[in-house]
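Chain IDs A, B, C and D follow the sequence of writing; residue 1 opens each chain.
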Amino acid sequence: MSYKALSRNQIAWRAAQDLEDGMVVNLGLGMPVLCANYRPEGREVLLQSENGVLGVGPVATPEQEDRDLTDAGSQLITLIPGASIFSSSDSFAMIRGGHIDVTLLGGFEVAANGDLANWDADMPGKGPLIGGAMDLAVGAKEVRIMMQHNTRDGSPRLLEKCNYKLTAPSCVTRVYTDLAVVDVTADGFVVREILDGLSRDELQAKTGAKLTFAPDCGVLKTPAV
Amino acid sequence: MIDKRVASIDEALAGLGDGMTIMFGGFGGAGVPINLMRALPGTPANNLTIISNSVRFLEDYAHALFEEKRVRHAVASAARSRGAASGISEIQLADGTLTLDIAPQGSFAERIRAGGAGIPAFYTPTGVDTPVVEGKEHREFNGRMCVLETALTADFTLMRADKADRYGNLYFRGTQGNFGRDMAAAAKCTVVEVREIVDGLLPQPEIHVPGVFVKRIIQLPDARDA
Amino acid sequence: MIDKRVASIDEALAGLGDGMTIMFGGFGGAGVPINLMRALPGTPANNLTIISNSVRFLEDYAHALFEEKRVRHAVASAARSRGAASGISEIQLADGTLTLDIAPQGSFAERIRAGGAGIPAFYTPTGVDTPVVEGKEHREFNGRMCVLETALTADFTLMRADKADRYGNLYFRGTQGNFGRDMAAAAKCTVVEVREIVDGLLPQPEIHVPGVFVKRIIQLPDARDA
Amino acid sequence: MSYKALSRNQIAWRAAQDLEDGMVVNLGLGMPVLCANYRPEGREVLLQSENGVLGVGPVATPEQEDRDLTDAGSQLITLIPGASIFSSSDSFAMIRGGHIDVTLLGGFEVAANGDLANWDADMPGKGPLIGGAMDLAVGAKEVRIMMQHNTRDGSPRLLEKCNYKLTAPSCVTRVYTDLAVVDVTADGFVVREILDGLSRDELQAKTGAKLTFAPDCGVLKTPAV
């Protein structure tokens, strides 16, 4: 059998399906912000941005662009009705204080105990960049990670123990990759969904820690997005 | 009569001198005091500590400060220059010309708020089990390990708002407020560039920062238009 | 669809039970949730901890809670009843029915903010060399002695605002905000009585408390008119 | 010689004369709030109230009364143009953070080293009331006290050491009484102004700590207020 790994947009679509009506969600830079485009119809999901916005709307069209209204990724944004604006310290009070239901973040590595590494990839000659990742990883009620299952050279990113410097310990609850949806449980990684055409053994071979497969392990959808 | 208006950038930055600490507001282009940053290399300021969420803003708008090795220490949540090659601040970090206190963005923001609020230190769970809090005092509260973070204060804060009045009251558009709201209170001399200094005084619902925190306001066009 | 509106006081206070901690907004008559306070004795709530800047408000509007000895602990900056004679809370403080954690008002407010902000504890210079911080941990920062104060959180916050929308966004008139602004974030279940629940959603400039901090809103007339 | 001690309004008038143009001032309950009525013409003095107002205006007339707009003494107030409103925690951040130039407070006792006691008079059967006094005493750049020189039974309130529980140590810079204006200096109490008709010996006899008289010690004015 053969398989086709999910695109970035397909991973974003999948992650977005788990955002429930009424949730307050912070989307990290990169793949996570794509989720905003795939929120299921009929659900009100409020997007928080750590520079001080609750209720981020679609990216601004050229006519709507306002250079004084941005998100944490410096995109020019719009506000939805009911949106509010506040200071950085108030924004992180909201994050650290446990008021964000879910944060979706990019990841370099996730360990079987939920450890997350997503801030420092040891790029030679480049300075460190933490941003809001550590506060989000510590403060959000759920931390869900979106990343390629493997690095460009094929090394696993789901590991027994992270190699890179940690962002926060034991925080990740779910990982969306281009191959699977994997929960982090007290018993380690549990696969909830796997790509059609990819065998369990193949997925295990691409993973750096033991995988358990949920009794109701399903097929990872591949929507045309 | 209270009148915090100044007419020139020289007046706005008067007193900025050797060994001082300067905070810079702004995030994602909003609230960045570009005009004031560009004027910094022209002041006698040397041996500076900069407190800015991203060091890159200073590279973008006050590059000469690095060229002339006038920045010795930075406090930031991001110290990554643009592009794949090393920027000047990254080179100076590597060779020790510049030292860095890197903090998670929430701890960075809270340290500034604490500085303006007379809170010398606080505990936070952010950063525990990561190298960025190595050497900091650890302590458990309610079963959760936390670290002690100390307040940040400054001699000057430079920031941008949309409108101000002669009392120093500030009004922000959109997300201009970000770090500036707290930095205004954390410095001895807060200087704010604004698009418009209004006639009369701002109405109460428009006042996002009470004038008590602001020392000088100057009307300057949006430098992003230049 | 997010809809935090509730139709009855019973619904607003559902879940309020034994051993819980309740915060109360309000100062000087503004922002006091009088309707909700009056309904408290009718709930099964017992063995309560109350967090209110002044204990007197509870005496004024929920006197039966004291009569029935259902309040066991109070956190406040003021615990003085009206008039020259002892009030019921003063009598209960004296006889040990009620225990008290008295705090300077600024420490009280900051402890609540910390509770909502995920900051478990902070240092403040307020109270040093006074009996109110006896037994608290002392520590010097920058040559100034400070004491460690811990965060306050609650099961419920009861407060009043002027307007709300179905998201739970709040708008305050005048000085209604006072302690409520921070208490909204510090409780698991924040219930807000308002003069008006607006159709649609509040405009951004009118939102003083983002709805994320609020669980239930109920439209109730100003009890001071009764 | 005989003398007539200042009225409460006269003490307030005297204290108000020292409020300079541009100062941010917090007035405590009781005598201090009376100072608002005697601010010298032509000076802009901004009044802060710890429930969250900067720019407190005159007490509301019956037509202006708004029950949702009060000061820390629960008076219904007005706002001056340029006034702002904020939360209690922000208000005390302003106070504790050193942004208030002067606080004028009532006092029970002041010691020669600047110790202040003004919150707990050990009233039998009455509970404690701290309010904002401790934060103001610790946070304001200058703490000035307004009080009667003596208690009703004639005991001194200016003392070597306070008897009542302290509000804050070494914080008071100046005391306005019905008999004198007294500075607290590194050398103890220094009298700046004394009531006409009251001898220095008489003032010393009414005081519980050693008084020094400033070389330019003047006459305390008795305006018709």
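Quick notes on this structure:
Going forward, a residue touches a chain if its C-beta (ideal position, glycine included) is under 8 Å from a C-beta of that chain, and two chains touch if they have at least 3 such contacts.
This is a predicted model, so every value here is computed, not measured.
Listed here as common contacts of chain B and chain C: A, D. Rounded to whole angstrom, the centroid-to-centroid distance between chain A and chain D, based on C-alpha atoms, equals 56 Å. Each chain gets a centre from the mean of its Cα atoms; for chain A and chain C, those two points are 36 Å apart. Averaged Cα coordinates give chain C a centre that lies 30 Å from the centre of chain D.
Listed for chain C are residues 110, 113, 117-119, 124-125, each touching two or more other chains.
For chain A, the set of residues that touch two or more other chains comprises 85-86, 92-93, 95-96, 138-139.
Taken as a graph of touching chains, this assembly has some other topology, since it is neither a line, a ring, a star nor fully connected.
Contacts between chains, counted with the stated touch criterion, involve the pairs A-B, A-C, B-C, B-D, C-D.
Chain B meets chain C in the complex at residues 110, 114, 117-125, 141-142, 144, 146, 150, 205-206.
Those residues of chain D lying in contact with chain C across their complex are 50-53, 66-75, 85-89, 91-93, 95-96, 125-135, 138-139, 165-169. Residues 27-31, 53, 55, 77-81, 84-87, 89-91, 93-94, 100, 102-107, 109-110, 112-113, 124-132, 162, 172-179, 181-182, 222, 224 of chain C touch chain D in their complex. Looking at the complex, you find that chain D touches chain B at residues 21-22, 24, 44, 46, 48, 54, 79, 81-86, 92-100, 138-139. In the complex of the two chains, the chain B residues touching chain D come out as 1-2, 113, 115-119, 165, 167, 169, 185, 200-202, 204, 207, 210-213.
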